[in-house]
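Shared between the two complexes below is chain A, which pairs with chain B and chain C, respectively.
Then we have the complex of A and B:
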């Protein structure tokens, strides 16, 4: 009797928590496909608003995707060698560098954006180009890439593996290509998915850095809430979900996999 | 291939002398073991030969008539078996073994043929497609060996190749390794801290202590004619008979012994198999440990010298704990070695 009561309590708490989290989301999504939100669902369902979002904000969607891919490429180019260097030369200096790269995690995005604006705000061509936002995104996402790869690399005896490859005649570049990169892959994958997800969802920094012609997905969302009908803003949320939820799930899966390896 | 190493030393940045100036010759086809306790510099010496460490200035390393001192490891054509094996987890057994051949840019068919040949030699045929993570310790060890010899290296180097295995397996693989190394017909150097391993595998053993080679010779030479108290103790665990030496007479706590010659300035050592339990023996002591080892007993006797000494007893009427026994030692089985203070 006692056991089933506890179970009942557990179930109730769990379901309440889920409802608390899910209902607003569902309401918002539902609002996005309702003909008239103020009349309720009885007014009928429609994809009109979603289409409207597409017409109004397709540019934002493409810009966000493009930024995410560019951000991924840059963080890979910087992050992979950085993580490799840190893993190969452990010591206080490496720890310090790692902390330094991670600093943007602790600093609010607004402060980061302000610093970028102060430094580069007067460089007109740069200030108004998408690369300006890219710099912000790279700063913010790089620590995730580096840490994710570093965790996997630190878990294996990289030095001996490389010595093994060297004794078989592999040059430093061949060792990096054949041994380091393939074995770091779970970390690279987890890092890549994190970077893309964060870049697509980033608002704080981007809101400060964007120009009216460069609205990313979340900035567009804020814009739609401020200036469009509630149905359009809600439909926007739906589009946002469709883009970000699969990424989020893939990220969870990849991180869990990388973590298993680094244990 | 012959290896010739002269005046090779290694001093680390913090001033630690890992290896004192050392010379070493290894003949073609010879299997040499570097034997010593941890921290004696044996691994450092091996890594210098491999090219994984740079020796101090003045050292020279020759492979036949080629000076390889300044060649990086990837161009020295050495095969290396690491203590942890360092198998590539991202590759199958086949790919691991073929990696060195791939680096030599051999045609695919040649690589396949050579890998199959080596797999056969190391009895790994059944595992060739497996991931290296799905192998047992003994199988990994063979893959590591196969990978090292596949590219036909000039010299095979093995760093404690058996120490990652459990005791029972180690003994089996020790003999297997000895056979394989001779089958490869390759010049090899292997590092170990286990004297049994060194004796079982090597043609010649170089005993190292505190950064230098203290004696080098066949296992028999080292066992019968150690040149220092260290070698006597480390190879075959000779026991120190600490007492007073007066001419050719040795006075111990538990009695007197005759020495084979004048022992002035020397210390006397004896091995357990040369101490007999003999009711007419000149030494007396008390049994404080008896261990049955199947073919024989090890009997620990105290009161002869300040520490317990061990005797091998192969009869059946083993003395009991606490019993008083008399021991004898043939003079010619006593090793007289220069005492450490004079060295």
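Then we have the complex of A and C:
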């Protein structure tokens, strides 16, 4: 099948790239369940490290899950009506607004975190609460939610549908609830999965915004990489993978589906 | 409530949030950058003082190397995967795209598992081979998160490329290299520039990976971090953030105008 030299070369590059991405991932999984990584797998397999991680970092894991849910709720409350507003009023002002809220996709999280700290760092009750981290997560994930819904809404003839409903006496709110939301569902689903996945894995902003009492999962990961033995760091990474990989796959599936619908 | 007021009400939460937590903080960041001892000259200091200039040059070099390596690897793999249907293709595709949302810290740790003191390479090779904490390790970490990003953009473009053109070139007697240079590369060029810009911008701003690996290497995100936390040089940290943000923003704007995709920055 892969007879020609060119194909063979292409295959080699592809497989090397796969190995480069996959091997360290498998190693971290293996190291997380090996009794002594330095001695190798022959020292036996164990769940001791995973349990250790649970004792040490359960709080971080729960904080991350809580933040992800809160972030999803806030991005829905802000993003869903906003996407509708932008879809109903296409024009340069809407383009500008969309471009502006997309800034956090381009500007590194570190810079955004510095900006937030400069303005709100002295507001003590806010700075030390979990809502400060939440603001960072919403800032970063909101553009994904808005664009995901907007892409689906822009592809359908919203105006005609709404005019039809209005002629039958539906109020703006009824039209939003009964026409816009059901039609936008694929976009909402894709956006929601993206928001949760990104929020759970967010590090760049969170590292600057967190306090010693509020460590999220990725902050805990960085902590374990710096100060724990390799087995615990690996076991923690394994826990993270178990959480994030199904979400990632669901996210890719939902995004592809939403994209098909909006084309 | 009329139509127009309803639509405006819909946009209000977004306007309030982005003013309070995006617009005002960014203005504050900019003011902080010029409120230091050197005033506006802080931006000149970035190219005047060797420490910052060296950081800038090193960051650009590592990011450029990452960009070209990722383009070479991902274009080859992307063309191969979109032109050949075989068993296991989808598995390879999943392996190559799944790391897309791995946080930068985790990628840094994966590089440590490859090239650290207890790493794979050190174990299977004779002698002491540790590269995780050097520029090579940083480059590999950046390459790790760039491959999936570039691959997705390239494959989307490759699907739209007409295979008949390649066949025509081949029947006219072009060898494989000529087909690549004269047919495939020109067809892919907009998406190559776009994904290259994405890879470059992401590498420039990568904090998580640098945080785990670059303990002794000065790249811009690490210098921003140390200026802010250790030296309390707020003005410089803010100025570097602004420069970095403007550069990555312009690059991603170029990327979007060329291919219509923006894959999240991060790392």
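Basically, the second predicted complex is superposed on the first by the 250 of 263 C-alpha atoms of A that agree within 3 Å, B and C clash if a C-alpha of one lies under 4 Å from a C-alpha of the other, contacts with A are read in each partner's own complex, and residues count from 1 in each chain.
Quick note on the criterion: contacts are C-beta pairs under 8 Å (C-beta built on N, C-alpha and C of every residue); 3 or more make two chains touch, one makes a residue touch a chain.
In this text, all values refer to a predicted model and were calculated from it rather than measured experimentally.
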Chain B versus chain C as contact partner of A:183, first or second or both or neither: first
Chain B versus chain C as contact partner of A:160, first or second or both or neither: first
Chain A: partner with more touched residues, chain B or chain C: C
First, second, both or neither for A:171, with chain B first and chain C second: both
First (chain B), second (chain C), both or neither touched by A:29: neither
Which of chain B and chain C A:18 touches, first, second, both or neither: second
Chain B versus chain C as contact partner of A:120, first or second or both or neither: second
Touching partner for A:207 - first (chain B), second (chain C), both, neither: second
Which superposed partner A:70 touches (first chain B, second chain C, both, neither): neither
Contact residues common to both interfaces of chain A (with chain B and with chain C): 171
Contact set on chain B toward chain A in their complex: 50, 52, 72-75, 77-80, 82, 84, 86-90, 99-100, 103-104, 147-148, 151, 157
For the chain A and chain C complex, residues of the former touching the latter: 1-2, 4-7, 9-11, 13-18, 20-25, 27-28, 31, 37-38, 77-79, 81-82, 84-86, 88-89, 97, 100-112, 114-116, 118-120, 135, 138-139, 142, 144, 146, 171-173, 176, 197-198, 201-204, 207, 218, 221-222, 225, 230, 233-234, 237, 240, 244-245, 248-249, 251-252
Footprint of chain A on chain C - complex, ascending: 1-3, 6-11, 13-15, 17-18, 21-26, 28-29, 32, 73-74, 76-77, 79-81, 84, 86, 92, 94-106, 108-114, 118, 120, 140, 143-144, 147-148, 176, 201, 204-208, 211-212, 221, 224-225, 228, 234, 237-238, 241-242, 244-245, 248-249, 251-253, 262, 264-266
Chain A - residues contacting chain B, complex: 156-157, 160-161, 163-171, 174, 178-179, 182-183, 185
